[in-house]
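Shared between the two complexes below is chain A, which pairs with chain B and chain C, respectively.
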Partner chain A sequence: MANTYTLIEAQTLASSAASVTFSAIPATYTDLVLRVSVRRDASGRQDLRLAVNGSTSDGSNTWLQGSGAAATSGTSTAQYVRINNIVPSTAETASTFGSAEFYLPSYLASANKPISGFGVGENNATTAYIGAVASLYSQTTAISSLVLSLATGSFDIGSSFYLYGIKNS
Partner chain B sequence: MAAGATYEPIATTTLSSAAASITFSSIPATYTDLRLVLTATSSTAGADVQIQFNGTTTAYSHTYMYGSGSAAASGQVTGATYIYLDYLVGLSTTIPSLYEVDIFSYAGSTFKTLLNRTAEDRNGSGEVLASVGLWRNTAAITSIYLFLSAYNFATGTIATLYGIKAA
Partner chain C sequence: MTRPTRVEVNCTTGETSIIELTDAEIAANEAAALAAADQREAAEAEAAAVAAAKAAGQAKLAALGLTAEEIAALIK
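Entry: the complex of A and B
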(Lines of atoms letter the chains of each structure in order from A and count residues from 1; the text may use other names and numbers.)
(Lines give C-alpha, C1' and ligand atoms only; values in the text may rest on other atoms or scores of the structure.)
Protein backbone atom coordinates (compact mmCIF):
# COMPACT_ATOMS: atom_id res chain seq x y z
CA MET A 1 0.00 0.00 0.00
CA ALA A 2 1.28 3.44 -0.85
CA ASN A 3 2.60 5.85 1.68
CA THR A 4 0.03 8.62 1.94
CA TYR A 5 1.76 11.18 4.17
CA THR A 6 3.55 13.26 1.56
CA LEU A 7 5.55 16.45 1.77
CA ILE A 8 3.97 19.06 -0.51
CA GLU A 9 6.38 21.90 0.19
CA ALA A 10 9.02 22.96 2.71
CA GLN A 11 10.22 26.49 3.37
CA THR A 12 13.07 27.56 5.63
CA LEU A 13 13.77 31.26 5.96
CA ALA A 14 17.19 32.55 4.94
CA SER A 15 16.06 36.07 5.82
CA SER A 16 13.28 37.45 7.96
CA ALA A 17 9.82 37.43 6.45
CA ALA A 18 6.53 38.96 7.50
CA SER A 19 4.61 36.02 6.13
CA VAL A 20 5.02 32.63 4.52
CA THR A 21 2.62 31.41 1.87
CA PHE A 22 1.74 27.99 0.56
CA SER A 23 -0.17 28.60 -2.64
CA ALA A 24 -1.60 26.44 -5.39
CA ILE A 25 -2.03 23.56 -2.96
CA PRO A 26 -2.84 20.52 -5.09
CA ALA A 27 -6.33 19.07 -4.88
CA THR A 28 -5.04 15.51 -4.77
CA TYR A 29 -5.12 14.76 -1.05
CA THR A 30 -7.77 14.22 1.59
CA ASP A 31 -6.28 16.13 4.53
CA LEU A 32 -3.48 18.64 5.10
CA VAL A 33 -0.96 18.88 7.94
CA LEU A 34 1.05 22.05 8.50
CA ARG A 35 4.04 21.87 10.84
CA VAL A 36 6.15 24.88 11.73
CA SER A 37 9.11 25.90 13.85
CA VAL A 38 8.99 29.66 14.33
CA ARG A 39 10.63 32.59 16.09
CA ARG A 40 10.12 36.36 15.86
CA ASP A 41 13.02 38.55 14.73
CA ALA A 42 12.30 41.28 17.30
CA SER A 43 11.18 41.66 20.89
CA GLY A 44 7.69 40.63 21.97
CA ARG A 45 6.14 37.17 22.01
CA GLN A 46 3.54 36.73 19.28
CA ASP A 47 0.50 34.73 18.27
CA LEU A 48 0.87 32.43 15.29
CA ARG A 49 -1.75 33.31 12.69
CA LEU A 50 -3.00 31.22 9.80
CA ALA A 51 -5.00 32.80 6.99
CA VAL A 52 -6.88 30.15 5.05
CA ASN A 53 -7.29 31.10 1.40
CA GLY A 54 -5.93 34.50 2.40
CA SER A 55 -8.92 35.24 4.60
CA THR A 56 -8.45 37.28 7.76
CA SER A 57 -12.12 37.23 8.70
CA ASP A 58 -13.51 33.73 8.11
CA GLY A 59 -11.71 32.06 10.98
CA SER A 60 -12.98 31.48 14.50
CA ASN A 61 -11.25 29.89 17.45
CA THR A 62 -11.93 28.23 20.78
CA TRP A 63 -8.63 28.05 22.59
CA LEU A 64 -7.05 26.52 25.64
CA GLN A 65 -3.78 27.97 26.89
CA GLY A 66 -1.33 27.25 29.68
CA SER A 67 1.25 29.83 30.70
CA GLY A 68 3.19 27.84 33.23
CA ALA A 69 1.14 29.47 35.98
CA ALA A 70 -2.48 29.24 34.86
CA ALA A 71 -4.78 27.65 32.30
CA THR A 72 -7.29 29.83 30.48
CA SER A 73 -9.75 29.52 27.63
CA GLY A 74 -11.48 31.90 25.27
CA THR A 75 -13.02 32.38 21.87
CA SER A 76 -12.49 34.69 18.95
CA THR A 77 -14.44 35.20 15.75
CA ALA A 78 -14.14 36.85 12.34
CA GLN A 79 -10.38 36.66 12.17
CA TYR A 80 -7.41 34.39 11.53
CA VAL A 81 -7.05 30.85 12.75
CA ARG A 82 -4.51 31.37 15.51
CA ILE A 83 -2.55 29.87 18.38
CA ASN A 84 -1.88 32.47 21.03
CA ASN A 85 1.53 33.43 22.41
CA ILE A 86 3.57 30.49 21.19
CA VAL A 87 6.07 32.37 19.00
CA PRO A 88 9.18 33.30 21.03
CA SER A 89 10.92 36.58 20.35
CA THR A 90 14.38 38.03 20.82
CA ALA A 91 13.36 38.82 24.38
CA GLU A 92 13.16 35.11 25.12
CA THR A 93 15.98 32.60 25.42
CA ALA A 94 18.25 32.61 22.37
CA SER A 95 17.76 29.95 19.73
CA THR A 96 14.38 28.84 21.02
CA PHE A 97 11.64 28.34 18.48
CA GLY A 98 7.96 27.71 18.94
CA SER A 99 6.57 24.51 17.45
CA ALA A 100 3.07 24.08 16.10
CA GLU A 101 0.92 21.78 14.04
CA PHE A 102 -2.35 22.43 12.27
CA TYR A 103 -4.52 19.57 10.99
CA LEU A 104 -6.97 20.45 8.21
CA PRO A 105 -9.25 17.53 7.31
CA SER A 106 -11.32 17.34 4.14
CA TYR A 107 -9.78 20.53 2.79
CA LEU A 108 -11.51 20.07 -0.56
CA ALA A 109 -14.99 19.58 0.88
CA SER A 110 -17.76 22.04 0.06
CA ALA A 111 -18.52 22.61 3.73
CA ASN A 112 -17.27 24.73 6.59
CA LYS A 113 -13.97 23.25 7.69
CA PRO A 114 -12.83 22.38 11.21
CA ILE A 115 -9.15 22.84 12.00
CA SER A 116 -7.16 21.59 14.96
CA GLY A 117 -4.04 23.41 16.17
CA PHE A 118 -1.52 22.65 18.86
CA GLY A 119 1.58 24.65 19.69
CA VAL A 120 4.25 25.27 22.30
CA GLY A 121 6.73 28.05 22.96
CA GLU A 122 8.89 26.62 25.72
CA ASN A 123 12.01 28.70 26.41
CA ASN A 124 13.42 27.66 29.80
CA ALA A 125 12.07 30.78 31.45
CA THR A 126 9.37 31.68 33.94
CA THR A 127 6.69 32.27 31.36
CA ALA A 128 6.14 30.08 28.34
CA TYR A 129 2.99 29.00 26.60
CA ILE A 130 1.32 25.84 25.41
CA GLY A 131 -1.84 26.17 23.40
CA ALA A 132 -4.50 24.03 21.79
CA VAL A 133 -7.11 25.49 19.52
CA ALA A 134 -10.29 24.30 17.86
CA SER A 135 -10.84 26.45 14.83
CA LEU A 136 -13.35 26.78 12.06
CA TYR A 137 -12.92 28.17 8.57
CA SER A 138 -16.45 29.29 7.74
CA GLN A 139 -16.29 29.00 3.99
CA THR A 140 -17.33 26.16 1.74
CA THR A 141 -14.64 26.72 -0.87
CA ALA A 142 -11.76 24.29 -1.15
CA ILE A 143 -8.57 25.32 0.59
CA SER A 144 -5.95 26.23 -1.98
CA SER A 145 -3.62 28.50 -0.02
CA LEU A 146 -2.34 28.97 3.51
CA VAL A 147 -0.58 32.09 4.79
CA LEU A 148 1.27 32.17 8.11
CA SER A 149 2.08 35.41 9.86
CA LEU A 150 2.47 37.18 13.19
CA ALA A 151 0.24 39.91 14.55
CA THR A 152 3.29 42.17 14.66
CA GLY A 153 6.73 41.76 13.14
CA SER A 154 8.42 39.08 11.11
CA PHE A 155 9.51 35.49 11.38
CA ASP A 156 13.19 35.12 12.15
CA ILE A 157 15.86 33.46 10.05
CA GLY A 158 15.74 29.71 10.48
CA SER A 159 12.00 29.52 10.93
CA SER A 160 10.76 26.52 8.99
CA PHE A 161 7.40 25.53 7.54
CA TYR A 162 6.33 22.14 6.20
CA LEU A 163 3.06 21.33 4.45
CA TYR A 164 2.05 17.69 4.07
CA GLY A 165 -0.78 16.03 2.20
CA ILE A 166 -2.52 12.91 3.43
CA LYS A 167 -4.60 10.53 1.35
CA ASN A 168 -7.09 8.31 3.08
CA SER A 169 -7.15 5.69 0.35
CA MET B 1 15.30 3.51 9.00
CA ALA B 2 13.93 0.90 6.71
CA ALA B 3 12.67 2.09 3.37
CA GLY B 4 9.00 2.02 2.54
CA ALA B 5 5.70 3.39 3.65
CA THR B 6 5.26 4.27 7.31
CA TYR B 7 1.86 5.99 7.34
CA GLU B 8 -0.80 4.03 5.53
CA PRO B 9 -4.60 4.11 5.37
CA ILE B 10 -6.05 0.86 6.66
CA ALA B 11 -9.69 1.67 6.06
CA THR B 12 -12.00 4.63 5.50
CA THR B 13 -15.71 4.89 6.19
CA THR B 14 -17.73 7.71 4.65
CA LEU B 15 -21.32 7.49 5.71
CA SER B 16 -23.86 7.61 2.89
CA SER B 17 -26.66 7.38 5.42
CA ALA B 18 -26.97 8.03 9.14
CA ALA B 19 -25.51 5.35 11.37
CA ALA B 20 -25.42 4.70 15.10
CA SER B 21 -21.82 3.53 15.04
CA ILE B 22 -18.70 3.03 12.96
CA THR B 23 -16.56 -0.08 13.36
CA PHE B 24 -13.10 -0.91 12.14
CA SER B 25 -12.59 -4.66 12.39
CA SER B 26 -9.87 -7.16 11.50
CA ILE B 27 -7.19 -4.55 12.10
CA PRO B 28 -3.88 -6.07 11.00
CA ALA B 29 -1.14 -6.39 13.61
CA THR B 30 1.51 -5.22 11.18
CA TYR B 31 1.91 -1.65 12.39
CA THR B 32 3.39 -0.05 15.48
CA ASP B 33 0.69 2.54 16.21
CA LEU B 34 -2.70 3.49 14.90
CA ARG B 35 -4.13 6.89 14.11
CA LEU B 36 -7.86 7.49 13.78
CA VAL B 37 -9.15 10.70 12.19
CA LEU B 38 -12.86 11.35 12.51
CA THR B 39 -14.72 14.30 11.00
CA ALA B 40 -18.29 13.99 12.20
CA THR B 41 -21.71 15.55 12.42
CA SER B 42 -24.81 14.00 13.97
CA SER B 43 -28.48 13.69 13.19
CA THR B 44 -29.36 15.67 16.33
CA ALA B 45 -27.03 18.11 18.06
CA GLY B 46 -25.28 17.37 21.31
CA ALA B 47 -24.21 13.74 21.01
CA ASP B 48 -20.81 12.81 22.42
CA VAL B 49 -18.41 10.50 20.60
CA GLN B 50 -17.19 7.44 22.50
CA ILE B 51 -14.75 4.66 21.70
CA GLN B 52 -14.28 1.02 22.68
CA PHE B 53 -11.82 -1.68 21.66
CA ASN B 54 -12.38 -5.32 20.76
CA GLY B 55 -16.04 -5.12 21.71
CA THR B 56 -15.06 -4.87 25.36
CA THR B 57 -17.02 -2.76 27.86
CA THR B 58 -14.72 -2.81 30.88
CA ALA B 59 -11.46 -1.38 32.18
CA TYR B 60 -11.44 2.05 30.52
CA SER B 61 -10.28 5.29 32.09
CA HIS B 62 -9.23 8.69 30.86
CA THR B 63 -7.91 12.06 31.99
CA TYR B 64 -8.82 15.18 30.09
CA MET B 65 -8.37 18.92 29.93
CA TYR B 66 -10.57 21.24 27.99
CA GLY B 67 -11.28 24.83 27.15
CA SER B 68 -14.91 25.84 26.83
CA GLY B 69 -14.26 29.35 25.61
CA SER B 70 -14.84 30.73 29.09
CA ALA B 71 -13.10 28.25 31.38
CA ALA B 72 -10.25 25.77 31.41
CA ALA B 73 -10.65 22.60 33.42
CA SER B 74 -9.38 19.08 33.86
CA GLY B 75 -10.89 15.88 35.18
CA GLN B 76 -10.78 12.13 34.99
CA VAL B 77 -13.08 9.14 34.67
CA THR B 78 -12.21 5.68 35.97
CA GLY B 79 -13.92 2.33 35.81
CA ALA B 80 -15.69 3.32 32.64
CA THR B 81 -17.26 1.22 29.91
CA TYR B 82 -15.76 3.37 27.17
CA ILE B 83 -13.56 6.42 26.60
CA TYR B 84 -15.17 9.78 25.92
CA LEU B 85 -13.79 11.80 23.03
CA ASP B 86 -16.03 14.77 23.94
CA TYR B 87 -16.84 16.45 27.21
CA LEU B 88 -19.00 19.55 26.83
CA VAL B 89 -20.22 20.39 23.38
CA GLY B 90 -20.86 17.27 21.35
CA LEU B 91 -21.59 17.00 17.69
CA SER B 92 -23.36 19.60 15.57
CA THR B 93 -25.79 18.80 12.80
CA THR B 94 -24.00 21.17 10.42
CA ILE B 95 -20.45 21.99 11.56
CA PRO B 96 -18.08 19.02 11.59
CA SER B 97 -16.13 18.15 14.73
CA LEU B 98 -12.59 16.87 14.30
CA TYR B 99 -11.04 14.07 16.37
CA GLU B 100 -7.42 12.93 16.10
CA VAL B 101 -6.86 9.75 18.09
CA ASP B 102 -3.43 8.14 18.37
CA ILE B 103 -3.40 4.60 19.75
CA PHE B 104 0.03 3.44 20.80
CA SER B 105 1.53 -0.06 20.64
CA TYR B 106 -1.89 -1.46 19.85
CA ALA B 107 -0.57 -4.91 18.97
CA GLY B 108 1.55 -5.32 22.09
CA SER B 109 0.83 -7.24 25.28
CA THR B 110 0.72 -4.27 27.65
CA PHE B 111 -2.22 -2.05 28.57
CA LYS B 112 -3.23 0.25 25.72
CA THR B 113 -3.02 4.04 25.76
CA LEU B 114 -4.50 6.62 23.46
CA LEU B 115 -4.01 10.35 22.98
CA ASN B 116 -6.96 12.32 21.67
CA ARG B 117 -7.46 15.86 20.44
CA THR B 118 -10.95 17.17 19.79
CA ALA B 119 -11.66 20.39 17.90
CA GLU B 120 -15.24 21.69 18.05
CA ASP B 121 -15.33 25.38 17.28
CA ARG B 122 -18.81 26.77 16.61
CA ASN B 123 -17.89 30.31 15.53
CA GLY B 124 -18.29 32.05 18.86
CA SER B 125 -18.54 29.08 21.17
CA GLY B 126 -17.13 25.59 21.24
CA GLU B 127 -14.73 23.25 22.91
CA VAL B 128 -11.12 22.24 22.53
CA LEU B 129 -10.15 19.09 24.37
CA ALA B 130 -7.09 16.94 24.84
CA SER B 131 -7.27 13.64 26.65
CA VAL B 132 -5.34 10.52 27.42
CA GLY B 133 -7.13 7.21 27.68
CA LEU B 134 -6.19 3.84 29.07
CA TRP B 135 -7.66 0.43 28.32
CA ARG B 136 -6.41 -1.97 30.97
CA ASN B 137 -6.28 -4.99 28.72
CA THR B 138 -3.25 -6.80 27.33
CA ALA B 139 -4.93 -8.13 24.20
CA ALA B 140 -3.92 -6.74 20.84
CA ILE B 141 -6.48 -4.30 19.47
CA THR B 142 -8.19 -5.88 16.50
CA SER B 143 -11.33 -3.77 16.33
CA ILE B 144 -12.36 -0.20 17.14
CA TYR B 145 -15.94 0.79 17.82
CA LEU B 146 -17.03 4.44 17.59
CA PHE B 147 -20.49 5.26 18.86
CA LEU B 148 -22.53 8.16 20.21
CA SER B 149 -24.12 8.90 23.55
CA ALA B 150 -27.37 9.39 21.62
CA TYR B 151 -28.65 9.81 18.09
CA ASN B 152 -26.71 8.88 14.94
CA PHE B 153 -23.65 9.93 13.02
CA ALA B 154 -24.95 11.97 10.09
CA THR B 155 -24.43 11.36 6.40
CA GLY B 156 -21.03 12.62 5.31
CA THR B 157 -19.23 11.66 8.49
CA ILE B 158 -15.75 10.39 7.62
CA ALA B 159 -13.61 8.07 9.72
CA THR B 160 -10.19 6.92 8.58
CA LEU B 161 -7.88 4.50 10.35
CA TYR B 162 -4.18 4.78 9.56
CA GLY B 163 -1.36 2.43 10.47
CA ILE B 164 2.03 3.81 11.43
CA LYS B 165 5.21 1.75 11.31
CA ALA B 166 8.15 2.72 13.43
CA ALA B 167 10.54 1.38 10.82
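Entry: the complex of A and C
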Protein backbone atom coordinates (compact mmCIF):
# COMPACT_ATOMS: atom_id res chain seq x y z
CA MET A 1 0.00 0.00 0.00
CA ALA A 2 1.26 3.43 -0.90
CA ASN A 3 2.53 5.42 2.05
CA THR A 4 3.60 8.70 0.45
CA TYR A 5 1.65 11.21 -1.60
CA THR A 6 3.76 14.01 -3.04
CA LEU A 7 2.76 16.94 -5.21
CA ILE A 8 4.96 16.86 -8.29
CA GLU A 9 3.58 19.90 -10.10
CA ALA A 10 0.46 22.08 -10.13
CA GLN A 11 -0.92 24.44 -12.74
CA THR A 12 -3.81 26.91 -12.55
CA LEU A 13 -4.65 28.61 -15.82
CA ALA A 14 -4.36 32.39 -16.00
CA SER A 15 -5.59 32.31 -19.59
CA SER A 16 -7.50 29.67 -21.53
CA ALA A 17 -5.54 26.77 -22.99
CA ALA A 18 -6.38 23.96 -25.38
CA SER A 19 -4.34 21.47 -23.37
CA VAL A 20 -2.13 21.13 -20.32
CA THR A 21 0.92 18.88 -20.48
CA PHE A 22 2.95 17.49 -17.62
CA SER A 23 6.26 16.50 -19.23
CA ALA A 24 9.54 15.04 -17.96
CA ILE A 25 7.71 13.28 -15.13
CA PRO A 26 10.33 11.99 -12.67
CA ALA A 27 10.86 8.22 -12.62
CA THR A 28 11.05 8.17 -8.84
CA TYR A 29 7.56 7.12 -7.79
CA THR A 30 5.44 3.97 -7.93
CA ASP A 31 2.07 5.39 -9.02
CA LEU A 32 0.75 8.70 -10.34
CA VAL A 33 -2.45 10.53 -9.48
CA LEU A 34 -3.81 13.37 -11.59
CA ARG A 35 -6.52 15.57 -10.06
CA VAL A 36 -8.18 18.36 -11.97
CA SER A 37 -10.88 21.01 -11.68
CA VAL A 38 -11.88 22.10 -15.18
CA ARG A 39 -14.31 24.20 -17.19
CA ARG A 40 -14.61 24.97 -20.91
CA ASP A 41 -14.34 28.58 -22.11
CA ALA A 42 -17.16 28.25 -24.68
CA SER A 43 -20.58 26.65 -25.02
CA GLY A 44 -21.10 22.88 -25.02
CA ARG A 45 -20.07 20.49 -22.26
CA GLN A 46 -17.10 18.34 -23.12
CA ASP A 47 -15.34 15.06 -22.51
CA LEU A 48 -12.13 15.20 -20.50
CA ARG A 49 -9.31 13.46 -22.38
CA LEU A 50 -5.98 12.14 -21.19
CA ALA A 51 -3.19 11.32 -23.64
CA VAL A 52 -0.24 9.31 -22.35
CA ASN A 53 3.28 9.79 -23.75
CA GLY A 54 1.81 11.81 -26.61
CA SER A 55 -0.29 8.92 -27.85
CA THR A 56 -3.92 9.54 -28.71
CA SER A 57 -4.63 6.01 -29.93
CA ASP A 58 -3.38 3.50 -27.36
CA GLY A 59 -6.25 3.66 -24.89
CA SER A 60 -8.96 1.01 -24.82
CA ASN A 61 -11.81 2.27 -22.69
CA THR A 62 -14.80 0.84 -20.89
CA TRP A 63 -16.90 3.81 -19.88
CA LEU A 64 -19.97 4.58 -17.85
CA GLN A 65 -21.93 7.81 -17.65
CA GLY A 66 -25.08 9.04 -15.97
CA SER A 67 -26.91 12.26 -16.76
CA GLY A 68 -29.61 12.26 -14.12
CA ALA A 69 -32.07 10.94 -16.70
CA ALA A 70 -30.23 8.00 -18.23
CA ALA A 71 -27.27 5.78 -17.57
CA THR A 72 -25.22 4.54 -20.51
CA SER A 73 -22.06 2.56 -20.94
CA GLY A 74 -19.88 1.36 -23.75
CA THR A 75 -16.42 0.61 -24.99
CA SER A 76 -14.02 2.33 -27.34
CA THR A 77 -10.62 1.45 -28.71
CA ALA A 78 -7.69 3.35 -30.22
CA GLN A 79 -8.63 6.39 -28.15
CA TYR A 80 -7.55 8.85 -25.57
CA VAL A 81 -8.41 7.82 -22.01
CA ARG A 82 -11.67 9.71 -21.70
CA ILE A 83 -14.35 10.62 -19.14
CA ASN A 84 -17.50 11.61 -20.99
CA ASN A 85 -19.40 14.89 -20.60
CA ILE A 86 -18.07 16.03 -17.24
CA VAL A 87 -16.52 19.37 -18.25
CA PRO A 88 -19.06 22.20 -17.80
CA SER A 89 -19.21 24.99 -20.35
CA THR A 90 -20.62 28.48 -20.60
CA ALA A 91 -23.98 26.81 -21.25
CA GLU A 92 -23.92 25.41 -17.70
CA THR A 93 -24.18 27.35 -14.45
CA ALA A 94 -21.63 30.18 -14.23
CA SER A 95 -18.36 29.48 -12.42
CA THR A 96 -19.00 25.76 -12.04
CA PHE A 97 -16.19 23.31 -12.64
CA GLY A 98 -16.00 19.58 -13.21
CA SER A 99 -13.77 17.53 -10.92
CA ALA A 100 -11.90 14.41 -11.95
CA GLU A 101 -9.16 12.06 -10.89
CA PHE A 102 -7.04 9.64 -12.91
CA TYR A 103 -5.03 6.93 -11.19
CA LEU A 104 -2.01 5.47 -12.99
CA PRO A 105 -0.50 2.55 -11.06
CA SER A 106 3.00 1.23 -11.79
CA TYR A 107 3.67 3.93 -14.38
CA LEU A 108 7.29 2.82 -14.83
CA ALA A 109 6.46 -0.84 -15.55
CA SER A 110 7.55 -2.39 -18.85
CA ALA A 111 4.03 -3.60 -19.54
CA ASN A 112 0.70 -2.32 -20.77
CA LYS A 113 -0.80 -0.11 -18.10
CA PRO A 114 -4.28 0.07 -16.58
CA ILE A 115 -5.61 3.58 -15.94
CA SER A 116 -8.79 4.44 -14.11
CA GLY A 117 -10.67 7.71 -14.11
CA PHE A 118 -13.68 9.15 -12.32
CA GLY A 119 -15.28 12.55 -12.67
CA VAL A 120 -18.34 14.65 -12.06
CA GLY A 121 -19.64 17.74 -13.78
CA GLU A 122 -21.44 20.50 -11.94
CA ASN A 123 -24.59 22.27 -13.11
CA ASN A 124 -27.49 23.83 -11.23
CA ALA A 125 -30.04 22.26 -13.58
CA THR A 126 -31.67 18.92 -14.29
CA THR A 127 -28.84 17.55 -16.41
CA ALA A 128 -25.40 17.03 -14.90
CA TYR A 129 -23.07 14.17 -15.62
CA ILE A 130 -21.08 11.66 -13.65
CA GLY A 131 -18.61 9.45 -15.47
CA ALA A 132 -16.07 6.72 -14.99
CA VAL A 133 -13.60 4.98 -17.26
CA ALA A 134 -11.45 1.89 -17.00
CA SER A 135 -8.74 2.00 -19.63
CA LEU A 136 -5.82 -0.09 -20.77
CA TYR A 137 -2.98 1.94 -22.24
CA SER A 138 -1.28 -0.40 -24.69
CA GLN A 139 2.34 0.72 -24.60
CA THR A 140 5.08 -0.83 -22.56
CA THR A 141 7.25 2.26 -22.18
CA ALA A 142 7.36 4.09 -18.88
CA ILE A 143 4.98 7.02 -18.62
CA SER A 144 6.88 10.31 -18.82
CA SER A 145 4.23 12.74 -20.04
CA LEU A 146 0.50 13.31 -19.62
CA VAL A 147 -1.65 15.65 -21.70
CA LEU A 148 -5.12 16.76 -20.65
CA SER A 149 -7.45 18.24 -23.23
CA LEU A 150 -11.09 18.55 -24.26
CA ALA A 151 -12.72 16.84 -27.21
CA THR A 152 -13.08 20.33 -28.61
CA GLY A 153 -12.28 23.84 -27.38
CA SER A 154 -10.15 25.14 -24.53
CA PHE A 155 -10.01 24.97 -20.75
CA ASP A 156 -11.24 28.15 -19.09
CA ILE A 157 -9.30 30.49 -16.83
CA GLY A 158 -9.16 29.09 -13.31
CA SER A 159 -9.03 25.46 -14.37
CA SER A 160 -6.47 23.71 -12.20
CA PHE A 161 -4.35 20.60 -12.58
CA TYR A 162 -2.39 18.71 -9.92
CA LEU A 163 -0.02 15.80 -10.51
CA TYR A 164 0.96 13.68 -7.52
CA GLY A 165 3.49 10.90 -7.14
CA ILE A 166 2.94 7.97 -4.82
CA LYS A 167 5.64 5.72 -3.45
CA ASN A 168 5.01 2.34 -1.90
CA SER A 169 7.98 2.58 0.44
CA MET B 1 -8.43 35.59 -34.38
CA THR B 2 -6.22 34.53 -31.51
CA ARG B 3 -4.46 31.23 -32.10
CA PRO B 4 -5.19 28.61 -29.39
CA THR B 5 -2.39 27.83 -26.99
CA ARG B 6 -1.32 24.92 -24.88
CA VAL B 7 0.46 24.88 -21.53
CA GLU B 8 3.40 22.61 -20.83
CA VAL B 9 4.78 22.04 -17.35
CA ASN B 10 8.22 20.42 -17.16
CA CYS B 11 8.05 18.32 -14.00
CA THR B 12 11.82 18.03 -13.73
CA THR B 13 12.70 21.72 -14.05
CA GLY B 14 9.41 23.23 -12.90
CA GLU B 15 9.40 25.46 -16.00
CA THR B 16 5.99 26.35 -17.49
CA SER B 17 5.65 27.25 -21.18
CA ILE B 18 2.69 28.65 -23.12
CA ILE B 19 2.91 27.50 -26.73
CA GLU B 20 0.73 28.35 -29.73
CA LEU B 21 -0.83 25.33 -31.47
CA THR B 22 0.45 24.44 -34.91
CA ASP B 23 -1.88 24.10 -37.88
CA ALA B 24 -1.47 20.31 -37.65
CA GLU B 25 -2.44 20.30 -33.97
CA ILE B 26 -5.51 22.41 -34.67
CA ALA B 27 -6.54 20.08 -37.52
CA ALA B 28 -6.01 17.02 -35.30
CA ASN B 29 -8.17 18.55 -32.58
CA GLU B 30 -10.95 19.23 -35.05
CA ALA B 31 -10.83 15.65 -36.36
CA ALA B 32 -10.89 14.25 -32.84
CA ALA B 33 -13.84 16.47 -31.97
CA LEU B 34 -15.84 15.07 -34.87
CA ALA B 35 -15.02 11.49 -33.87
CA ALA B 36 -15.99 12.17 -30.26
CA ALA B 37 -19.26 13.78 -31.29
CA ASP B 38 -20.10 10.77 -33.44
CA GLN B 39 -19.45 8.38 -30.58
CA ARG B 40 -21.45 10.43 -28.09
CA GLU B 41 -24.39 10.75 -30.46
CA ALA B 42 -24.40 6.99 -31.02
CA ALA B 43 -24.41 6.29 -27.27
CA GLU B 44 -27.14 8.83 -26.60
CA ALA B 45 -29.25 7.49 -29.47
CA GLU B 46 -28.92 3.99 -28.03
CA ALA B 47 -29.97 5.24 -24.58
CA ALA B 48 -32.93 7.10 -26.08
CA ALA B 49 -34.03 3.97 -27.96
CA VAL B 50 -33.92 1.92 -24.75
CA ALA B 51 -35.92 4.59 -22.90
CA ALA B 52 -38.49 4.74 -25.69
CA ALA B 53 -38.87 0.96 -25.72
CA LYS B 54 -39.33 0.97 -21.95
CA ALA B 55 -42.02 3.67 -22.16
CA ALA B 56 -43.81 1.81 -24.97
CA GLY B 57 -43.78 -1.40 -22.96
CA GLN B 58 -45.20 0.37 -19.92
CA ALA B 59 -47.95 1.90 -22.05
CA LYS B 60 -48.91 -1.53 -23.39
CA LEU B 61 -49.04 -2.93 -19.86
CA ALA B 62 -51.27 -0.02 -18.80
CA ALA B 63 -53.53 -0.67 -21.79
CA LEU B 64 -53.94 -4.24 -20.54
CA GLY B 65 -55.31 -2.83 -17.30
CA LEU B 66 -52.30 -2.98 -14.98
CA THR B 67 -52.01 -0.19 -12.42
CA ALA B 68 -48.94 2.02 -12.19
CA GLU B 69 -47.94 0.19 -8.98
CA GLU B 70 -48.24 -3.19 -10.70
CA ILE B 71 -46.15 -2.02 -13.64
CA ALA B 72 -43.51 -0.60 -11.32
CA ALA B 73 -43.38 -3.90 -9.44
CA LEU B 74 -42.92 -5.83 -12.69
CA ILE B 75 -40.01 -3.77 -14.01
CA LYS B 76 -38.04 -3.59 -10.77
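Going forward, the second predicted complex is superposed on the first by the 166 of 169 C-alpha atoms of A that agree within 3 Å, B and C clash if a C-alpha of one lies under 4 Å from a C-alpha of the other, contacts with A are read in each partner's own complex, and residues count from 1 in each chain.
In this section, a residue touches a chain if its C-beta (ideal position, glycine included) is under 8 Å from a C-beta of that chain, and two chains touch if they have at least 3 such contacts.
Here the structure is a predicted model, which is why all the values come from computation and not from measurement.
Given the superposition on chain A, are chain B and chain C in a clash or a fit?
After superposition on chain A, which the two structures share, chain B sits beside chain C with no clash.
Per the contact definition in the header, classify A:G74: touching chain B only (first), chain C only (second), both, or neither.
both
By the touch definition at the top of the document, which applies to A:S138: first (chain B), second (chain C), both, or neither?
first
Based on the superposed arrangement, let me know which partner A:A42 touches: chain B (first), chain C (second), both, or neither?
A:A42 sits against neither chain B nor chain C.
In the superposed arrangement, which partner chain does A:V120 touch: chain B (first), chain C (second), both, or neither?
A:V120 contacts neither chain B nor chain C.
Which partner does A:S60 contact after superposing on A: first (chain B), second (chain C), both, neither?
first
Calculate the angle at chain A, using C-alpha centres, between the directions toward chain B and chain C; round to the nearest 10 degrees.
Given the fit on chain A C-alpha atoms, the answer is 100 degrees.
After lining up the shared chain so the two structures overlap, which partner does A:P26 touch, if you call chain B first and chain C second: first, second, both or neither?
second
Considering only the touch criterion stated at the top, classify A:L108 as touching first (chain B), second (chain C), both, or neither.
The answer is neither, since A:L108 touches no partner chain.
In the overlaid three-chain picture, find the nearest pair of C-alpha atoms across chain B and chain C and give that distance in Å.
10
Identify the overlap between the chain B-contacting and the chain C-contacting residues of chain A.
Residues common to the chain A contacts of chain C and of chain B are 65, 71-72, 74, listed in rising order.
For a test of understanding, state which residues of chain A touch chain B in their complex under the given definition.
Touching chain B: residues 1-5, 30-31, 60-66, 71-75, 77, 103, 105-106, 111-118, 132-136, 138, 166-169 of chain A.
List the residues on chain C that touch chain A in their complex, please.
4-14, 16, 18, 21, 25, 28-30, 32-33, 36-37, 39-40, 43-44, 46-48, 50-51
For chain B, which residues count as touching chain A in their complex?
4-9, 12, 37, 39, 65-72, 74, 94-98, 100, 117-128, 130, 156, 158, 160, 162
Under the touch definition given earlier, write down the residues of chain A that touch chain C in their complex.
8-9, 11, 13, 15-26, 47, 49, 56, 65, 70-72, 74, 76, 80, 82, 84-85, 149, 151-152, 154, 163
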